[in-house]
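Two complexes come next, and they have one chain in common, subunit A, joined by subunit B in the first and subunit C in the second.
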Partner chain A sequence: MKHLLKKIAMLAVAGGIAASAQASPEADREAFQNFYKNRFASVPMEEYPNGVYSIDPVGRENWEAIEEFPPYETFIDDGQEMWEKPFANGKTYKDCFADGPAIAGIYPLWDKKNGMVMTLPLALNKCREANGEKPLKYKKGAINAITSYIAFASRGQKTNVIIPKDDPRALEAYEKGKKFYYTRRGQLNFSCANCHLQNAGMKIRSEVLGPALGHTTHFPIYRSKWGGMGTLHRRVTGCNKQVRAKPFKAQGEQYRNLEYFLTYMSNGLELNGPGARK
Partner chain B sequence: MTISTKLLGMASAGVLLAGQLALVPVASASDPSMVEEGKALAFTRKKGNCLACHIMAGGKAAGNIAPPLGAMQSRYKSKAELKAQIADATVKNPETSMPPFGRHKILSDAEIDKVVEFVWSL
Partner chain C sequence: MQNKMIGYVMILAVLLFGGLSTAQAAKAPNPEAAKVERMIADADKARKRAASVEGEWRDVGKMLKKAKAALAKGDYKTAKKLAAKAKSQSEMGYIQAVAQKDLKMPSYLKY
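This part shows the complex of A and B:
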């Protein structure tokens, strides 16, 4: 995938971006966003949070009909109940997240103390455990209710992932996530970039491949195929499986670093979760 | 639901066609039963799933990631050359999205030979 990266870098140069010799996350992001600007010249930036529906007019019609009675609505309500209901010790989520519930915009963040990428689902479970509650599962179930509520309250915030300069491990985590994105895996030998960059807008069988830009703005999602809701890590598990790769652990280091990179690529895009997808 | 009945219809038409071909001596280097087996392997999702990316005559709901496959004999000098492309497309193009069917054992060598017979006939 080095070549594809180089191509993107070249695109960036062609687009008039001063590419520094040392690629930085900021240069990566500009190249990434310019790649889509060039490929889908008529699609405005604000459209990308709508995922594949930003480029697929047929799917979009269906989606707009679904959004009239959003299938994730009850999850938002359940999540609000979870947010407000005291834990057994009398405390609530609010005791962990003073600025809550509209906090989706600060995740994923670099947790310097623990030297790791902290995601919203992981932070929620840390809060639960600190208060003597059982952690929630990371792909299906109640985690999607509480994060739906938080996502809904955070609508309109802008993606703004920060890679602090005072801890080189943060940049390292970003680089690992980036490498993950461009590495081919599985018997079918695909990287994430093969589908969502190289072939974005093309059809694999009758499925349109969506752009990676905006992939992180709207989780959790209600997916008709699932008949329920799922987290970002559940979705990525599916993408790994469909190329016959062994998926990694939800909220494990690989997917957290991946989320750090992928969300950074969407910096500047508006949060619009929870989402509904086919 | 209608799709599966249509597919069934197509499959039996295919069998019929193959049966007829077997009766008529044709001047072809391809063994018609190999071609039919290759076609099934090429179209089935669990096997070749070539239609995910290539338009191929007789196939439905094809993707458009890759060039349509047709007139292969005008572009490939030999079946061996065609087989090499299917066995590992990354040799010719390291950036390709085409899975390396032989190298990653997605299809067995014997299965690839059948797919080659079918694609060669397009």
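This part shows the complex of A and C:
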């Protein structure tokens, strides 16, 4: 296994470098999506929200069987209960999110007032805290129930991350997320892009490396390996650890900026959460 | 090519930094214990430096914890080994991050 990782690392090096670090987000997105269009010419764009199963026929069969009795279903129900049950002060989530529960499509968004990327889990906890409730944990547990319910209600919305022009800090956050994505880390010296762009479609251990396009459309996910549900930041934590890098804090600045960039790359793709993955 | 160079720089840095031990002997009853303690403190400093550029590696914290436990048990040999490894990994993580200070987009992305 170590051998394989090394091989992939060598391949990553062979990829070389080009100087387009300062392209616009739109040009970034086009290059990103075109990369997959070229590599997986027979895969239609609307397939990418299905993750690795858009390119792995064997895994797909298994996945389709799992989706017949979705393991996340009870989480949607629990989430609905959470959504409807008043807080101790009598208010509900609806008082914070008037358009709820179908609000997944507006996140992550640039929060100009606070000068930061606002994600759905963070916004939910802000709402809870404003109403005297304890915040939820950001990787496992109840956060996945409420976001499952919201994701389910938001199915069919299109990814549409906006980087407002009237606040240069928004573009800065995007650029930081982009930098994070292409930076090699950890003892194995891999970037996210080394696995999910450059080597997409290749195998690592028993897993096929999935395309990054569509990586953000379907969270939270029920993962068989976890035997439970997890957030996007939980998944990214795993990917950081896998290359032996110290992961960052869930909902900390690094992962929020990363989410801003990564979701922008999937602009135009349909939301289809919650998801089930191996 | 660039990666290879980073590799060499890392090795060089490890050789260099590994040889430097500047701290003064503390007034502890056991000079060996004091030395190990200093090694652990040095390694932790290196860890923080790597973290400051988002370059900390996964197992360094664990190594330091284990080193402290070994020190407490009087197992200096193990403690030293772990502290040295934690330090060298921290230095490599730092160099790795700094070497990529400026984002270079991969050539397989066509603009």
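In the analysis below, the second predicted complex is superposed on the first by the 256 of 278 C-alpha atoms of A that agree within 3 Å, B and C clash if a C-alpha of one lies under 4 Å from a C-alpha of the other, contacts with A are read in each partner's own complex, and residues count from 1 in each chain.
In this text, a residue touches a chain if its C-beta (ideal position, glycine included) is under 8 Å from a C-beta of that chain, and two chains touch if they have at least 3 such contacts.
The shown structure was predicted, so the numbers you read here are calculated from the model rather than taken from an experiment.
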Partner chain in contact with A:F40 - subunit B first, subunit C second, else both or neither: neither
First, second, both or neither for A:S206, with subunit B first and subunit C second: first
First (subunit B), second (subunit C), both or neither touched by A:F87: neither
First (subunit B), second (subunit C), both or neither touched by A:W226: neither
First (subunit B), second (subunit C), both or neither touched by A:Q198: both
Which superposed partner A:F190 touches (first subunit B, second subunit C, both, neither): first
Comparison of subunit B and subunit C by subunit A residues contacted: C
Subunit B and subunit C footprints on subunit A, overlapping residues: 187, 189, 198
Interfacial residue positions of subunit C with respect to subunit A in the complex: 1-4, 51, 54-61, 89, 92-93, 96-97, 100, 102-111
Residues on subunit A engaged by subunit C in the complex (per definition of touch): 9, 12-13, 15-21, 23, 27, 31-32, 34-35, 175, 178-180, 182-187, 189, 193, 197-198, 240-241, 244-248, 254
Subunit B contact footprint on subunit A (complex, rising order): 3-4, 187-190, 194-195, 198-199, 202-207
Residue numbers on subunit B that touch subunit A, as the complex places them: 49, 51-53, 61-65, 90, 94-95, 97, 99-100, 104-106
